[in-house]
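Going in written order, the chains are labelled A, B and C, and every chain counts its residues from 1.
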């Protein structure tokens, strides 16, 4: 059972266990978004695959994977199920959430529909609660234009604290910029400082009371704040991950960068 | 040939009887253990219930509720005594301190399970009790703890009964019977007694729910007339005795001048005032996730052949909801259907 | 390395304790605050001038989901899809059949001329090749038309409207409106339909959708329905409306399937899977212009070739098997005749015959090969060249093998209801991980098919028709 991860991405062993073939890739990128935002078009345009996904909620029932290259690096793109939220208990949402938390992708692209930005930003904010490394892809800009909707992507990017890129995935418009932003975030060259919702005093106190304990149990765990919030919310998956030591394991991997020899990579595929 | 067949048949039979997990013997043993556990837990609950009414349970009363023969009741009580959970004296059987904690744990499992069935599985009120009677004996401590966290540590079960805390304490129900409530003063339903079933069915027929505001309009010797947002109901005093109410407090205050999303006419708009308090758990989470948070504007967008579900315009998207869900969204109407038609 | 000074249990206990100190509306607050922030951000970066497109979407929706037009429009669209399929598939099917059987004849005579043993020629050309030829000529044209046309409807965003229109019926049956979406997937392939039930959250309603998906005729079964519709229904009408009549009868069969889906869901909701209808929320996406090129590519390459490939994979051994059965004698009678004779009484009782049942047994791996298997059995050693048009098939079935309208109707019913193919059964097992539900999913439709066919056959025989 050789689960050594690739260069510079300490958490990739976990990805291998989740069934992602991490061989020959430098960075793993997750693709999240509401259903029906053209997420599959983005996926197809980036990877050259032609995955057909219909026009309704939760159609992507199986996870698709593809790869693309940029600036001499190989990127693995993992298409997560389209969801509106990460908080409900539906299977799709759990898959997406677990991937973001335990998979620790180097960058997460959240595809949003420019014609219904408010609704889509709900998911973006939830993703930003879990990870700092995100890029927002404001897709369907052509449709927004036709509907008479102007989106100021630069101000959105400033407000969110992560890169935001306007695209029309169907005609591949803006995808080069998207890939460049992803590369920047994945390599750590682009520093992000995501906007987070400030909770009222009593919730903040509860979080502040819990975070030190979580840190004490699993030093170096990323998104300890989010874990605290989920625990307070009684999320039984996070509870189980805590009891089974999965969360602590996640923290350990963060602290111990895996060996750098990429030639030894052997991914365990299919262990979903 | 036939000897081989016989041997195989014998081996198969032996496996059927003695297999470690699925064999008949193992099943029978599990069944026995479960039955013993459920009998003693039912007995503890019964003794606790009588203690709450300041009475001591007796062997006869136990036989009455559990439906067991006297000899079986004796065995159960002897078992409880050995465990140190009850003491029998002259007046009857009393719980020890540890026995009371144990009994409350069973009640806790029961009420949390009811909450879960109501919130997550959408089970109607009338069926909750029976289902929870079966589940309460088979939930482990960790399962109960996980359920509690998952449900957001609820304080009351769907009937309004307080849920005991993990340390075996319970807060008292501060409510009086509807019979004792003065005419003309709004009251909040705090609790609906689910036993006996016949009476509970009458309560459900009037569509009464915990956390609902009621008003006693008339008080007659044999019956009451009450008003709710669902209309006027005539309730016998024997039924009203099983409805417990309390004062409406400021924090319960539900928005006035409200209607339900389901009652908005085609093309009409409104602003979400909140979600109905009896919408809990997954269904509440799902409605919130759709963006139906207080202050959100909604518009009735589409109807269909059957008039149910209907689709609503929320935050730039169109979402279909069944009538049952749309009833749980409380609305402050904004403009009339005519006004909506004229809008660009 | 880890200085795990705090145990997980301690974290949990502390979290539960802190949670109890928080207000009951903590969860509501969490979601509401996210939306509040989202609204604030959107308000700062979005500027709208005019909302013409949404009005346009709504105008279409007002027709497609309207009280009076919603359902008729749905039926018309469905009928149109079948009509186009039937109209377009007929001639290419004949051309393919002609071409393939010319190849078969030429190749077989070449084999003979070079002195290949008779059994080799028979097995390869009259067995395996003939099986493949039938599958491709019967299936390829309808699929190559149906898949793209249906995908266009899907990409437009019409299917959620169907779910919206039909949800009330599903609720009455104790099921979920999204089941309509999984059924739409089932038109393509029941295995895909079963997998797509993951969009239903409630495990009970998801099981209902899994167990009843089989009542949507998949693409493997459409050729059977279409062939019967053309041979028996269209033939009774003047040529001008023949294709319309055939399409209408296929729609009728599909509707019957929907009725069975609802009926079985209703019955299961009140027996094995008793419970209440769960919450139903469904997003109605805006209409999108489908990108035709991508649709052609994906529906032809991914779906058509995939389904056809699977059919061919089973058709080859099935063709060999039929040839062996038809050419191996035991006691002066071929094995095929023996097995047909064995199944004949059962077949006759339910208004079918032994050959049809044998075809269904052989076609368990893939329903696509039912018609080819049946024709190969009927035709025995006859020359394929002569039987490529629907009229010729009709002549063989009615003239030589005693088919009646009852046979055709019952075969349509049987085809609609009978057990799912092996792939679908395997998928049911994968999705449920339960041998019991898988067995029910396989045997319940089969039992129902026998019962319904038996009932129709007996009714027709008793009534003086």
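The criterion applied here is as follows: contacts are C-beta pairs under 8 Å (C-beta built on N, C-alpha and C of every residue); 3 or more make two chains touch, one makes a residue touch a chain.
None of these values were measured; they are calculated from a predicted model.
J.: Skim through the chains and flag the pair connected by the most C-beta pairs in contact.
T.: A-C
J.: Can you name the chain whose C-alpha mean lies closest to the mean of all the C-alpha atoms?
T.: C
J.: For chain A and chain B, what's the span in angstrom between their mean Cα positions?
T.: Centre separation, chain A to chain B: 38 Å.
J.: Suppose each chain is reduced to the average of its Cα coordinates; what separation in Å results between chain A and chain C?
T.: So the centre of chain A lies 36 Å away from the centre of chain C.
J.: Quick one: which residues in chain A touch 2 or more of the other chains?
T.: 84-85, 87, 89, 115, 117-119, 122, 231, 233-234, 239
J.: Which chain C residues sit where two or more other chains touch them?
T.: Chain C, residues with two or more chain partners: 12, 15, 19, 26-27, 31, 35-36, 39, 50-51, 160, 201, 282-283, 286.
J.: Which chain B residues touch at least two other chains?
T.: Those would be 148-149, 152-153, 282, 285-286, 289-291, 315, 317.
J.: Chain A touches which residues of chain B in the complex?
T.: Touch list, chain B to chain A: 146, 148-153, 282, 285-286, 289-291, 314-317.
J.: Applying the document's contact rule, which stretches of chain A touch chain B when the two form their complex?
T.: 84-85, 87-89, 115-119, 122, 231, 233-236, 239-240
J.: For chain C, which residues are in contact with chain B within the complex?
T.: 12, 15-16, 19-20, 24, 26-28, 31-32, 35-36, 39, 50-51, 57-58, 61-62, 65-68, 70-71, 160, 164-165, 167-169, 171, 177, 201-202, 275-284, 286
J.: Provide the residue numbers of chain B that touch chain C in the complex, in ascending order.
T.: Residues in contact with chain C: 121-124, 145, 148-149, 152-153, 155, 166, 275, 282-291, 293-294, 296, 301-309, 311, 315, 317-322, 324-325, 344.
J.: Which of the residues in chain C end up touching chain A in this complex?
T.: Of all residues in chain C, those touching chain A are 1-12, 14-15, 18-19, 21-23, 26-27, 29-31, 33-39, 41-54, 151, 154-157, 159-160, 163, 178, 181, 195-196, 198-199, 201, 282-283, 285-286, 288, 291, 294-295, 297-299, 301-303.
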